[in-house]
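Structures are listed in the sections that come next.
Consider the two complexes below, in which chain A is the common component and chain B and chain C are the respective partners.
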Partner chain A sequence: MFVSKGKVWKFGDNISTDHIKPGFTRGTTIKEQAQYCMRAIRPEFAQQVKPGDVIVGGRNFGCGSSRPAAQNFMALGIGCAVAESFSRLFFRSSINLGFPLLYCSGVSGAFDEGDVLEADFESGVVRNLTSGKVLQAEPLLDVPMRILRAGGVVEILRKEYQKSGTHA
Partner chain B sequence: MKPLTLFEKIWNRHCVLTEEGESLLYIDRALVAEGASHAFVMLEERGDPVFRPDQVFAFADHYVPTTSRAKGVEGIVVPEIRNMVINLERRARKNGLPLFGLDDPRQGIQHIVPPEQGLTQPGLVIVGCDSHTSTHGAFGCFAFGVGASEMAHIMATQTIWQRKPRTLRIAVEGQLGFAVSAKDIILTVIGTIGAAGGTGHVIEYAGSAIRGMSMDARMTVCNMSIEAGAGAGMVACDDTTLAYLEGRPHAPRGAAWKRAVDSWKTMKSDAGVRFNSEVSINAAAIAPMVTWGTNPEHVLPITGKVPDPGAVADEKKRAEILASLDYMDLKPGTTLADIGVDHVFIGSCTNSRIEDLRAAAQVARLGRAKVPAWIVPGSQVVKRQGEDEGLDRIFEEAGFEWRNSGCSLCTAINGDLLQPGQRCASTSNRSYRGRQGPGVRTHLMSPAMAAAAAITGRLTDVRELLQRS
Partner chain C sequence: MGMTIAEKILARNAGLPQVRPGQIVTATVDSLMLHDSAVQIYKLFKEIGIDRVWDPSKVVAVNDHKIPARNVEDAELDQVKRAFVKEFEIAHWYDVGRGGICHQVFPEQGHALPGTLVLGCDSHTTSYGAFNVAATGTQIPEAYWVAAKGNLWFRVPESIRFELSGELPRGVVGKDIVLKIAGEHGADFAAYKSIEFTGRAVEKMSLSNRWAIANMGVDLAAKFAIFEADQKVFDFLKGRTRKPFTPVESDPDASYERVYQMDVSALVPQVACPHDLANIKPVTEVAGIPFQQAFIGSCTGGRLEDLAAAAEIMRGKKVHPGVRMIVIPASVEVYKDALRAGLVEIFADADAVVAPPGCGPCSGHHLGILGAGEVCVSASNRNVKGRMGSPDAEIYLASPATVAASAIAGVIADPRQV
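Now for the complex of A and B:
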């Protein structure tokens, strides 16, 4: 079982990595950077979000630059992101950092801000525990699950390649 | 044999193994800049060397000053910014990576320098710790951005796990109109399919308008594939590609060149191959474009007006436009050509190649800049070529500032920054809130359009200026 459960913060389409991790915060610590997470559109977000809360996004969530934006979510203790669709770069980068996410068609319409979401990453079942609605997301494949379980792609390097001797 | 797309040909020959829909891809070239420090730290913590140092290239671009270079790295005043450059150069030297550092006569943006040096070649898989790595796809290679953790994996193994994207063919057919450029094409593509339109896809640009384009112009188109939601954009290799590459410092020579050309000529989609999606765009209908909102899909021809959210039926879309206009401080119905600007930026990996600067200079010579206007060449090579052609004098006589090469006001993290509330006509690629500094309002456009905005002090249809001259 790989499950995340928490209170929903809802965002729209095309949320960029500039929203999640603004460029001008570069050079400060991740903890400081996280204080500016989503500030341009939700000034209260970083201060009010609680560890375990989750993100529901629209289409093309995480579009924009290659910066490791999910670090800010992780620093704030956010459990996962479930969106209609993601930018490919953000999706891979987040999985590889160890931050779980799911593609889930219809998720925007099925959740209101503050609802409680439960996502099972292996089965792809996403439940709205407030309304009782159940959605089927694209489950994560074996490789991304292994990377998440290991705590990120760098961790899997150690655990798998070095053990098997394929690493130079 | 089953016909294949260009993308599939490259994917297949780089696929090391596939497990349940995920493939381990071999990487030919990896590009790192100052921001890849996380990746180096991850390697260092593990005590790992870079596995194939001759295939990882390091560039000082995001944090370099675009003012004087006389004092080198010591001339960077802010310690945090200086350290970013110092650390990149130190790590590149320590790991034996080819380095294009601050003092290198070839220094420039990681998406400008490799093509210019002949490192970007057809058929390769190229990754960069930067989303605009898609630029390189103009050469018929598969090029995409990765995050820092992925780059650590690549530097340790020269491979990365990927899920195979779907394919989207965008055919731009016909003749482009007067003073319409590659930037106008890609802004039209984004306006047509939307900022999420290419999500999960790799785009192949085709059609007579693309075939007729120079490599500089194809790079502008592929560069902004990421703003259309796609991870990568590509153009098939043809005679234009080969003519560009021949004789470049890292291009093969002699017999190796002939062998390479034989292989590169196959880097195109087979006749009759099917793409997952197809879009067709009429080149003749494209006008010079400008963005009006906080996302590159908020784009219209310069002849248009700021949209009225009241006329939008979809509630979500209406709210998005309202919020966008609020940030941009624009009123519905305002003629785009009446919007004044405070600053002009001509540069970035989208539009800082020699042809971009020539197009801007052609407009700059028609008047004098009414607002601060910066020209930031993409590389020192572009800069020297511009000076050899006398472009620097044209710009300076017109009151534009001729600066040094780097990312500058596109990412606004090297110390080049605008003030809150300022409005910038910019040739860069993103109009997100705060991209050019907190509270700054960005309008994206082509180099010629940005130069026109500089000499009138407002968004301007460059065709009117050029026709009058």
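Now for the complex of A and C:
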């Protein structure tokens, strides 16, 4: 079972990595950076979000820069993100960080802020436990699923190199 | 069945005769570009005992986002970058005063070879598509893998063909084309796709214009934004590289998910209004809006041709007293060329300040951060809320010529009327 369940924070289309991880915070610790997560559009978010909460996004979620923005979500204890679509870079950086996400058409309309979402990453089934609505997301491809299960690409490299002690 | 440019390059680097959109392949990369990510790679590799990158001759490292160091923390991160380059014997390193913005430096230093596959730890890596490179962004933590292994898994993208006909009118540039596309089709219209730009207007336009279009390909959500290589590319590369390369063209029977046509002859200067790249208006509709800061620079609008277009408008004039203007050449090479061409003097005489080559305020780090309530007209690439400083500031994106004309007028102005 690979399931994430939590209270929904809802965002619109084209949420940028500049919103999630503002450029000016670069160089500080991830914990500090996370305090500015979404500040430009929802100043209360970083203070009020609780560990286990989840993100519902619109189209092109995580667009913009290549910075690994999901680090901030992970630092805040957010469980997963489910969106209409993600930017390519955000999708890949999140998977490589070990932060689970799903492409799910119709998710924006199916959730209100504060609803409880349950996402099954094996089957791609996304449930709104508040309203009872059930959606089918695109299941993850094999490669991203494998990276996610390993806990991210760093864990894969760590296993390989720390064990062998040799180089590529 | 024919293949597109993206399919051909991915097939070649995956060692396959043919690939199809949607297919997952593992492809070797010809080059990896790093900037601040060098710090994290160094730290992780030390921690887990990876003692070399896959091929130090294929790694290009550039110091660009916060240079020269703004504070002690920056200075210490820069020390780590230098340690990385030294200990891992990185062949290509462009530090303060020797490079500039990575997306300007990479082609200038002869690394953007037609027909190659390049990953860069920065979203605007799509820039090298102007040189027929299948180039796209990677990120930490994915770049750890690429730096160690020299390969990556790719989903072969569907291709979109964008046919540009006609000829750019005076005062209208590549930046205006890309803004127009964002406005008409949305900032995610090319999500995960490879866009091929082609047509008579492309043949006629300068390499600098193609460079700006490819650069902002990622802001249309594209994976690649590619042009075919022509004599302009070969002339640019002459003297910059001695490495052999094989340009790639799409096959006549290649298949495209979508085909668009645009006649650029009738295009007018475009402006992306706050806080959304797709919030595009012709300059005529926003003329007269007051602002406090003008910025010409970044990997989108800091090339010699951009500075020259601005200087032509500003020669013998003064920046409006209510406006401060910052000009940042994209690289040391651009800076030197601008100096020789007398452009720096024109800017200085006009009361614009010319800052050292690098990313500047575009990404919100330094050299012109915006305060609450301020408005900036910028030749850069992103206008999301808070990008250049305060979340209560506003950013209008436009071509360098539009920024220059506006700086003189003190309000947003049409460069064709100057």
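The working rule: the second predicted complex is superposed on the first by the 158 of 168 C-alpha atoms of A that agree within 3 Å, B and C clash if a C-alpha of one lies under 4 Å from a C-alpha of the other, contacts with A are read in each partner's own complex, and residues count from 1 in each chain.
Methods note: contacts are C-beta pairs under 8 Å (C-beta built on N, C-alpha and C of every residue); 3 or more make two chains touch, one makes a residue touch a chain.
The shown structure was predicted, so the numbers you read here are calculated from the model rather than taken from an experiment.
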Based on the superposed arrangement around chain A, label chain B with chain C as either clash or fit.
clash
Which partner does A:23 reach: the first (chain B), the second (chain C), both, or neither?
both
So in the superposed three-chain picture, is A:64 touching just chain B, just chain C, both, or none of them (first/second/both/neither)?
both
With the two complexes superposed on chain A, say which partner A:127 touches: chain B (first), chain C (second), both, or neither.
neither
Contact-wise, after the overlay, does A:141 reach chain B, chain C, both or neither (first, second, both, neither)?
both
Return first, second, both or neither, reflecting whether A:12 touches chain B, chain C, both chains, or no partner chain.
first
With the touch criterion stated at the top, can you tell me which chain A residues are shared between the chain B interface and the chain C interface?
13-14, 16, 18-19, 22-24, 26-27, 40-41, 59-60, 63-68, 85, 87-89, 92-93, 96-97, 141-143, 152-154, 157-158, 161, 167-168
Counting only contacts in the complex, chain A reaches chain C at residues 13-14, 16, 18-19, 22-24, 26-28, 39-41, 43, 59-60, 63-68, 85, 87-89, 92-93, 96-97, 141-143, 152-154, 156-158, 161-162, 165, 167-168
Give every residue of chain C touching chain A within the complex, in rising order.
24, 36, 44, 48-52, 54, 65-66, 73-74, 77, 121-123, 125, 136-142, 144-145, 148-150, 153, 155, 187-188, 191-192, 218-219, 221, 223, 276-278, 363-365, 369, 382, 384-387, 389, 391
Given the complex, residues on chain A that touch chain B span 12-14, 16, 18-19, 22-24, 26-27, 40-41, 59-60, 63-68, 85-90, 92-94, 96-97, 141-144, 147, 152-154, 157-158, 161, 167-168
Parts of chain B lying in touch with chain A, wherever the complex brings them together:
19-22, 35, 38, 42, 46, 51, 80-81, 84, 128-131, 133, 144-150, 152-153, 156-157, 161-163, 165, 195-196, 199-200, 226-227, 229-231, 295, 297, 316, 319-320, 323, 411-413, 417, 430, 432-435, 437-438
